[in-house]
Amino acid sequence: MTDIGHWTRVVEAMLFASAIPLPRDAIAARLPEGVDLDAILSTIETAYAPRGVNLVQVAEGWAMRTAPDLAGDLTRAETVERRLSRAALETLAIVAYHQPVTRAEIEGIRGVAVSKGTLDILFETGWIEPRGRRRTPGRPVTWVTTPAFLDHFGLGSLNELPGVDELRAAGLLDPTIGTWQLGETGGGESEDGDAEDDENDDEFAP
Amino acid sequence: MTDIGHWTRVVEAMLFASAIPLPRDAIAARLPEGVDLDAILSTIETAYAPRGVNLVQVAEGWAMRTAPDLAGDLTRAETVERRLSRAALETLAIVAYHQPVTRAEIEGIRGVAVSKGTLDILFETGWIEPRGRRRTPGRPVTWVTTPAFLDHFGLGSLNELPGVDELRAAGLLDPTIGTWQLGETGGGESEDGDAEDDENDDEFAP
Amino acid sequence: MSDRPSEPDDDFDEPIVAEDDSLVLALDGYEGPIDLLLSLARRQKVDLTKISILALADQYLDYLARARRLKIEVAADYLVMAAWLAYLKSRLLLPDEPDEDEPSGEELAEALAFQLARLEAMREASEKLLRRPQLGRDIFARGAPEELPVDETPIYRVGLYDLLKAYATQRRRQEPHRLEVMPTQFHSMEIALKRLTALLSDARDWRTLASFLPPEITEGPLWRSAVAATFSASLELVREGRLQLRQDSLFSPIYMRAVAARSVESQ
């Protein structure tokens, strides 16, 4: 831990100062040109790896976090931990793995109606948020997960969702297969691109 | 930074995660007996001394803080857009049209007191500056506009400021108050005379 | 901390307790027919992709039959699923008729298997997520974040127009003001009286006051003045005994009709 470069110290201070992950660009914006940020981040990551505090890549950014193996030795946060219902957890997983996803699509996957309260709780927790609308009749709202979700579960990006590659390979995240076979709701619910350049988009636009 | 003891890591994580400086006793209370806390704190202090974050002892206890010498490099220069208050804008206009002018004279023209802060803000913008003093009792400072003022407003010289006639021609001196119609708002506009260097056209508007 | 991962699993207790045939019937524990199907499928103890949909359909129908024998109330969606599974069974057992519009029995079974597998995958995924170290519970962020200093340089966006406008505004404030009242358009009582008198001959039956208003006046102060003027005029005509007024209750419409010529004469 000797001979630490000046800009390494500056980056270290920035990372320590922030409670939320800093996007790489936000760090770079405070550094002079020519400073090799990636090398600096890598240096810091290595230096802290054995310590009680680590540099981790979460939610598309960088953050200092206590080492996960110390969980048992650290006093839990005073806040009462929110126990999510099984329905809420399943819904959260579906939003995470199938996003952007409409409520009807969630219901199609779960096979039961999703109460509005379930989405509200997840929204209130700050883990999911509505983003855009399907370009299908009714223009239903689609839901996505937030950076806070990634941060909470220590995920660098959505690609780090547990087992996401296997699920994708098995076709289980394939959005084109709906619930038509049960002759129930959601029949008309089909996948549609989110691309802004879709045709007949705008007729229902507010 | 190798071979860090487990309890050193735990103390490090505690100090990092705490919202408030931790008194020595509070840390000790969370450690098993026999752990040499002073040695640990000293180890951490030494380890972080050259880094971007330091362990410091403040009145309330121990805390991690970004290194004070980095303040300059952590400071981000930002330009923020501000709106000039109406008072400031009017004061600026009066200085422009009536310079050199004292604060008392500005107040006389505006009909209300001019706070020192208003002149300070204008001085800070670099658009006005004090030049000389009136040869009257109290020898008050007189204010004039600067070349930066001309520059900002795209004026070649003070002579290019439009005269009162031109302001009227541009509709800027039209009163918008003083017209009233039953049940209507913003109904008619009427001309209003200028007291100083125009004949009064006192007839009612058509 | 090694005790951590097992904790959330309580949420996933299954309502079916017994391993053997004496399965405990508790439909309340299921979140709908798909959930029940998934639980039954898990009992086949095979990879969900290799599951026998036919066997599964039988198990489901059997389960529901037992529930009904035990007089357990079965919600409609379970019965809908039962009917659909019975249909699926028939499609699977009977040779497929070549019909291009309808999916084959195998396709239906595949789709159901897919749905079960997908839901199972999402359940596993949510458990895996929960097993991860979580922020604020297992790992912590900096407790006392420091705000990085920002050196703010204010810039003022003011145009020449704003400056001139400000000057003009403050000058205008110094000048004497005049309150000018614009000519007001209103419907006078004289006009209303004239109009009402003219219309009187046609007003044998009760008509609302509004129907006597000039049709071209529909809104605004003019309309309000017309209502007021017409009402005043009607009072005048009542006083003269030429008109009758009626209002059934407070704020309800006002009706008026002409007094028959005979009665005028008789006065």
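In order of appearance the chains are A, B and C, and numbering begins at 1 in each one.
To be clear about the criterion, a residue touches a chain if its C-beta (ideal position, glycine included) is under 8 Å from a C-beta of that chain, and two chains touch if they have at least 3 such contacts.
The structure displayed is predicted, hence computed values, not measured ones.
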TODO: Average the C-alpha coordinates of each chain, average all protein C-alpha coordinates together, and give the chain whose average is closest to the overall one.
DONE: A
- [ ] Taking CA centroids for every chain, report which one is farthest away from chain C.
- [x] B
- [ ] Just give me the whole-number Å value for how far the CA centre of chain B lies from that of chain C.
- [x] 45
TODO: For chain A and chain B, let me know how many angstrom lie between their CA-based centres, rounded off.
DONE: 38
- [ ] Please compute the C-alpha centroid of chain A, do the same for chain C, then give the distance between them in whole Å.
- [x] 29
- [ ] Provide the list of chain B residues touching at least two other chains, using ranges where the numbers run on.
- [x] 13, 16-17, 64, 66, 74, 76
Open item on the list: By the touch rule stated above, which residues of chain C touch at least two different other chains?
Closed with: 140-143, 146, 148
Open item on the list: List the residues on chain C that touch chain A in their complex, please.
Closed with: 1-2, 4, 8, 11-12, 31-35, 80-81, 84, 103, 107-108, 111-112, 114-115, 117-119, 121-126, 128-130, 132-143, 145-148
Open item on the list: Please output the residues of chain C touching chain B within their complex, sorted ascending.
Closed with: 140-144, 146, 148-160, 162-182, 184-186, 220-221, 224
Task: chain A - residues contacting chain B, complex - done: 1-2, 4, 6, 8-14, 16-17, 29-30, 47, 50-53, 64, 66-67, 70, 73-75
Task: Footprint of chain C on chain A - complex, ascending - done: 14, 16-20, 30, 63-74, 76-77, 79, 81, 85-87, 89-90, 92-94, 96-97, 109-112, 151-155, 161-163, 167, 170-172, 177, 179-184
